[in-house]
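Which chain is which? They are A, B, C and D, in the order written, and residues in each are numbered from 1.
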Amino acid sequence: MSAQAVLTVAAVLFSLGLYCVITRRNAVSILMGVELMLNAANINLVAFSNLSLGGQGPKVEGHMFVVFVVLLAAAEAAVALAIILSIFRRMGTVEADRMTSLKE
Amino acid sequence: MIEFVMNHLLSVMTFTPLVGIVLIYAIPGTGAKPNVVRGIATVVTGIPLVLGFVLWRGFDPAITGLQFEEHTVWIRTFNIEYFMAVDGISISMVLLTVLISFIACLASFGVEKSVRGFFAMFLLLETGMIGVFCALDFFLFYVFWELMLLPMYFLIGIWGGPRKEYAAIKFFLYTLFGSVLMLLAMIALYYNSRPTTLVDGTPAAHTFNFIKLMAENDFSGAGPILGIAFPKIIFAALFIGFSIKIPMFPFHTWLPDAHVEAPTPISVILAGILLKMGVYGILRVNFTILPEATVWAAPAIAVFGVINMVYGAFVCMAQKDLKKLIAYSSISHMGFCLLAMAAFTDQGISGCVLQMWNHGIISPMLFLIAGVIYDRAHHREIERFGGLAQSMPEYSALTGLAFMASLGLPGLAGFISEALCFLGAFPVFRALTIFSAIAVIITAAYYLWTMQRMFLGKLNEKYAEMKPVTWRERFTLYPLAVIIVILGFYPMPVLDLINPTLFWLVGTIRAAM
Amino acid sequence: MVPSDFGKLMPELVLVVAAALIIVADVASARRRTGLYSSIAVAGLLLSAWLSVRLGPDRPQLLLGNMAALDAFSVFFMPVFAGASLLAVLFSLKSSELTKERHAEYLALVMVFTAGMMFVAAASSLVMLYLSMEMIGICAYALTAFNPGHPRSSEAGLKYAIFGAVASGIMLFGISIFYGLTGALDYPEIRRAIPSLATANGPQAALLVVAVVFITGGFAYKIAAVPFHAWCPDAYEGAPTPFAALMSVAPKAAGFAALTRFLYTVLSNAHSGGNFEPAFDVPWPAILGIVAVLTMTLGNLSAITQSNLKRMLAYSSIAHAGYMLMGVVALSREGASALCAYVVIYLIMNMGAFLAVLAVSEAAGGEEISHWRGMGERLPLVGVAMTVFLFSLTGLPPFAGFVGKFYLFAAVVSRGGFWYWVLAVAGILNSVVSLYYYARIVRAIYLEEPASNEPLTIHSSQRVLLYALAAATILLGIYWTPLSELVARAASFV
Amino acid sequence: MNEPLTVNYVWLIPFLPLCGAFVNGTVGWWLQKRFGRRPNGAIANAAVWGAFLISVQLFLTLRGLPPEQRALVNHLYSWIPVGQLDVALSFTVDPLSAVMILVVTGVGGLIHLYSIGYMAHDKSVWRYFAYLNLFTFAMLVLVLADNLLLMFVGWEGVGLCSYLLIGFWYQDVEKAKAGMKAFIVNRVGDFAFLAGMLLILWGAAGYWDDAGRYTMTGGTLSVDFRWLASATTYLQGKEVLGVSLITLACILFFIGATGKSAQLPLYVWLPDAMAGPTPVSALIHAATMVTAGVYMVARLNFLFALSPAALTVVSGVGAATALFAATIGFAQRDIKKVLAYSTVSQLGFMFIGVGVGAFTAGIFHLMTHAFFKACLFLCAGSVIHAMSGEQDALKMGGLAKKMPFTFWTFLVSTLAIAGIPGLAGFFSKDEILWKAFDTANPVVAWWPYLVWGMGATAALGTAFYMFRLVYLTFAGECRADEETKHHIHESPWTMTLPLVALASLAAVAGWLGPPGVFNLPNTFEHWLEPVFGGAARHITSRESGHGAEWGLMGLSVALAVAGILAARAVYAKNGAEAARRLSGRFPLIHQFVFNKYYVDEIYAALVVRPFMGLTRVLGWIDAHIVDGIVNLVGKVTAVFAMIDGWIDLYIVDGMVNLTAWIVIAVGRKAKTVQTGRLQDYLYVMAGGAVLMLVVSYMVERVFGGGR
């Protein structure tokens, strides 16, 4: 597996994630887009950990990092979902478009 | 005690007003007793006045260097020093400041709205003003310079006339714009200065010390900024900063608004002292530190000076409000200073500083006069008066004296400085000087016209019963009148003070030509 | 992992322990003993600050296997964070926005948040950086949305969370590419790989640009720089005011600390005289310069039209981030020390301003400018203190804000060069513009008539704090030698 | 040159009137209230007469010295010592200023005396005497000044007093305006004076090179007249802007003189100045102040003598003014206006004198004119006093019988001004005309004939209109109404005594300087010789000879007699009717002359109105454009801020959309950014990140890595 292939896959995944984030109106969907972006990065990290792009041999750091990222993504999603839930209770919607009480 | 005061005369003068602020708020019950506050303020402004007299007597004018030095390290990281001293240029301004502040303090007795706050701001302003004239460290100078902004903003903004808020913020923004340019220039000068030592002997990579910036540095070698040679752009930045204060055309429009809206004592301070800071700054900073650039800019300064003189005078003619008229006349009169300083002749520079002094005496008197009539008639529209000489003879006589002094009538103070300005400028800017002298004619025209519309002719019955000049007003007006007359025939007290230093200054500039 | 490193991590650990203690105490007791929890928090923060000061290393050390740096720089920031959080805790004592029931939660989150910031400032590895930034991020989302009774609070929290998640996603993607390019995640090792990148060309160069820009973007989000600033006003407005005050200062400071460390130690080569140059051909100083100008300009211009004080202060904090970026962009030891100085000064004056807003909004019933009308008469000393803070924020002597501005401009000017001068002039003009909206508040305080003449009172603890902060603002403006020595030491980390 | 002797009491001469002014000005109102009007007048008179006595003492001292040493200096202190410039407050008494101080204090004293009676009913006599004393002070400073700058003090000081006194009855707005006009017109002259002073001082102290750079050569610039006189050789041949420096300076000085001495084109203020009390007109606008210009030219004789061109201008303007003003005198009805134009005309004569280098003759005429014109004005004052304020000569008539003193003194003075031999005016005027004829003009050869011709015509006119006035006022039937007629009375002794004294002087003073052909000692010329001797060397006579002098003298006497006879023929009987008849016959000419050739209106149209227009335009520009620019900057900032919620962010938004379209191929019509909508925020951020990328590339390409 070449670095180029990995990068391409990751980039496509990242772009899809970003696309999702930007176009989706449902807060949950947006969070899912974020997950895609994070996973794009994870693919990179894992791949580069095995490839010797920096001129060194395979390493463990990348794998380790990915574990942390997954963990954190979950935590983040938990907080975000909690907030979404609270909003849903109050406003009956999770559409990001509707939340415009804060503006200048 | 006396020894301490004598050793720290300038600091004591500068910070006594701050002590006054503390007193005003610390003494219980002052909020309900405005007269106590007024009394404290009078004493507290009186102390610098008395010390100013001591300073004057103790000053040896023959020495061109610094006197009454107080020098210590303030912020070591940036080699900032607490450096206060006076030389011939600054002492004249310090004396003017303490005098005019005292008179303005007396004139402030009429203020009825939150008296404590007013005098607190007033005293803070005085600290800033004395500090500016004493500071010889650029950073310290800048701090004092900016320190004046805040009280001035409030004094105009709270105790001013109907459009006070507009005038206050305009004043603030204008001067802040000028001073931030000055800040950049100051930092640039600092970083391009040569290594030197601080007052305690420790080595310093750079310096803010005016004297060292002048004596040990030559900024011709510093790299250009934004594509313009270093001395020139620094000169320009400083000059714009100072010229806003003067105020120089086309940066002058804050002045009429500020004057019209400011309460009388603040107009007095503004015209008497604040305007002088611009010229003082140019002499103190631009002239000494950047002599080559000064020479380069001299023709432009002269041209702006002439525009100020003639344009200001013309615009005066068109004014309907007495205070606005006096404000524009200040613009016109400060033009003399610019023209004269650009000539680099002994007479010119001396005329410039003497003109500052004289204008610093005359224009406060004019504003006090405007205040007297405003207190009685509650407006200042020239056209709406008429024949006041009949109902207020003493007031009319004082006004006449002030007008005559301002239009440069020989025998009164204004003449000597204007004559010196012309004398000094003429050998260098012949055509310009002659052209600028047109201002003398126009000045006579607008003052006499004003005189005629307000005081002569048929008495406007509405103002037939006017309260005569009160004793408090007399205390503010007569000292100035006496000084105006005395200096007209005997200007030596001021000339003696300023001349040696100024000649030395002009000598250094000429050496750069 | 070396166990002795734990000793060096005491400041952070103390905070975590304090957080745990608060939660335990809360769970253990039926009554809400706010005083106790707050005491624990205050004690923890004080202890942490004291420990961090005591840590003061003679020479830089790397802890946890190069993950965290313990050097003058990080040690400088730790007490700053602790101090800021301390203020936030004190602010919260009498704030009606925080219900008594959930005070313990709030305090615990603030503790963890503070520990996170300390890690951010110390992060010496991209892993640590990401983790600690997420740590403060998650706490911040929760704290912003802390007040479920307040509809804006949740909305702000959600926006902040999603925005933060996307930003961290972008940053992580950048990190992953950077990892690919350098083959390392901790700074010393990356630094070793950098020289080989200096001559990068082709796709590698392109990747480098993407990596640097994406990572910078992550930082930009943290410091609320344009164009990653949009969350900031909403979050500040929605968050409980005590936390908004903290958020306007501390995470930004942490972001700046991390950014500075990353840029100076990883992406730059040190030159003699304490200046730095980019180590390879990615024009990040120019980008950051542009970002700085845009940030301060947009922040100031947007602030002009605000009528809600918290929002105005939010935009003002965006503008101040722009100023602080000037210190980073200066790429010199002077720039770093200017940044440090500004952080401290900004902390004092901005938190002071937030406290004043908090106090007055509780006394007068709102955060709009109109609520401040005639405050000079109704609450004279609060008016004075607010005026001091506002003029200090403008950067006028003799207030501390001027010293901060002076530091920043001195750093930029001392670099010289055309673009630095453009930056300096842009900064200086911006500070003139900023006067306009700060003065609007001052105008309301003194120049406008009060809506009613009923005397107002504020809580005495707030009063004392307010005066203390105002006094500090003035004092630091007049005599700042101690501060200048501190920041000079902090900036010596590279 | 000899160092002048030092006398240490000259300063008392101006100081006494100053004290008088001070006392009257500060406590005078109280004195008047407490003790009546007497003390005010007494103080003022004492001050002036004291000064007169000291002047006499100085005159005697001066006479006791050998001619070449006749200069006394009283150096008080360094007034404006700045660098090499050292202007002293110093007074000098030489033969010229001795004449002047005697005239000023003597005539001035008489007029002070007269004023006591004249102002006996005014409600603020104290103010009047304060002004009058102040004027005397300023005038004395002017004539005693040892240098140009101090002279300028007096020069403007008299202008101020003139302003104050013209507008003495300021309640009348027209009078106040007349004062203002006088001051401002004088200021125009002062402007030129100042310019001339600058030019001559710096010209004498150094030189300008071709690049315009100035180098100072001299040591101390004491700028006194002796220093200036000694610098003339240095000044000769120097040019400024292509013109001889001396000529330019002299012409500037002369413009100054035209202001003060009411010459063309700046004479317009003097007729209006008659608004002041009549003794003031006598003192200021006839005897002393208006002659200051003549005195100044005479004082600077050493300069003017070196510039034939400037002298030509002076004599030309003088002659033109003499003639012009005389013609206006024909048609005036106001007794004081006639005298005013007569003064302008006579001043023209003086300028003819100094303009042809006959400085002695000019000063001589100045002195005699002071006597007879002061007398005429005081008589006029006496008449007006008697007529209860009436000034229209057509409403007078037949006063000779009722006011014998006034009539006879008026007649003597009129004969003197008309140039009847034996009286003072004859000698001085004839001397001037003769010198005008006899002095060669190196610039324009025929100039002497022209000047003489104009002068002689003016003399004819003078005789005519003065006698017209005599006949209208004193002859025939009284045309006043009964009420006024009833009040007509001779004035008290304080008023008639000065009349008699002045008339006597007008009668006999001429014998001090008889014409050369009389072969009598010319005391006056001899007296002034030390002052003008040097200048005289530069003036060449055409050597017209005795015959010509006799002939011209005869001719001018004949002209005077002709003028008198003509006036008698027309006005002796029923003068008012004659005047009306004349104006009826030549209505256009009469209107034209009566309205003073509409000069005031022309000035108003050409100078005053454009000037006021300009001030208004500039005022508008300042308020709207200069200030507007600044406000605009402010407004733009504010507007920019206001709309940055949409316009500014539309742009950002647009770019976001653009990049979004390019990169993700998704376009979405998002509206604003700070909308509170999360999506928009994300757009900005993603777009921003992309933008940063793009910019990075661009910066890298364009600036080579951005270092």
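Please note the rule applied: contacts are C-beta pairs under 8 Å (C-beta built on N, C-alpha and C of every residue); 3 or more make two chains touch, one makes a residue touch a chain.
Given the structure is predicted, the values throughout are model-derived calculations rather than measurements.
Enquirer: Count the touching C-beta pairs: is A-C or B-C ahead?
Expert: A-C
Enquirer: For chain A and chain C, let me know how many angstrom lie between their CA-based centres, rounded off.
Expert: The mean C-alpha positions of chain A and chain C differ by 25 Å.
Enquirer: Per the centroid of Cα atoms for each chain, what is the distance between chain B and chain C, given in Å?
Expert: Inter-chain centre distance comes to 42 Å.
Enquirer: For chain A and chain B, let me know how many angstrom lie between their CA-based centres, rounded off.
Expert: Using C-alpha averages as centres, the distance is 64 Å.
Enquirer: Using CA atom averages as chain centres, what separation in Å is found between chain B and chain D?
Expert: About 35 Å, centre to centre.
Enquirer: Please output the residue numbers of chain C that touch at least 2 other chains, ranges allowed.
Expert: Correct list: 158-159, 162, 166, 170, 233-234, 302, 305, 436.
Enquirer: If I count partner chains per residue in chain B, which residues reach a count of at least 2?
Expert: Within chain B, the residues that touch at least two other chains are 173.
Enquirer: Can you list the residues of chain A that touch 2 or more other chains?
Expert: In chain A, 18, 21, 27, 30, 96, 99, 101-104 touch at least two other chains.
Enquirer: Spell out all pairs of chains that touch, sorted by label.
Expert: Contact pairs between chains: A-C, A-D, B-C, B-D, C-D.
Enquirer: Would you tell me which residues of chain D are touching chain C in their complex?
Expert: So the residues of chain D in touch with chain C come to 637-638, 640-642, 644-645, 648, 652, 673-674, 676, 678, 680-682, 684-689, 691-693, 695-697, 699-700, 703, 705-707.
Enquirer: Which part of chain D faces chain A closely enough to touch in the complex?
Expert: Spelled out, the residues of chain D in touch with chain A are 645, 660, 663-664, 666, 668, 674-679, 682-683, 686.
Enquirer: Quick one: which bits of chain C touch chain D in the complex? Just the residue numbers, please.
Expert: Those in contact with chain D are residues 158-159, 162-163, 166-167, 170, 209-210, 212-214, 216-217, 221, 226-228, 230-231, 233-234, 277-278, 281-287, 290-291, 298, 300-305, 433, 436.
Enquirer: Where on chain C is chain A touching in the complex?
Expert: That would be residues 126-127, 130-131, 134, 137-138, 141-142, 145, 148, 151-152, 154-159, 161-162, 164-166, 168-170, 172-173, 175-177, 179-185, 193, 196, 203, 207, 233-234, 237-238, 302, 305-306, 311 of chain C.
Enquirer: Would you tell me which residues of chain B are touching chain C in their complex?
Expert: 74-78, 114, 117, 142-143, 146-147, 149-150, 153-154, 157-158, 164-165, 168-169, 172-173, 176-177, 180-181, 183-184, 187-188, 190-191, 223, 225-227
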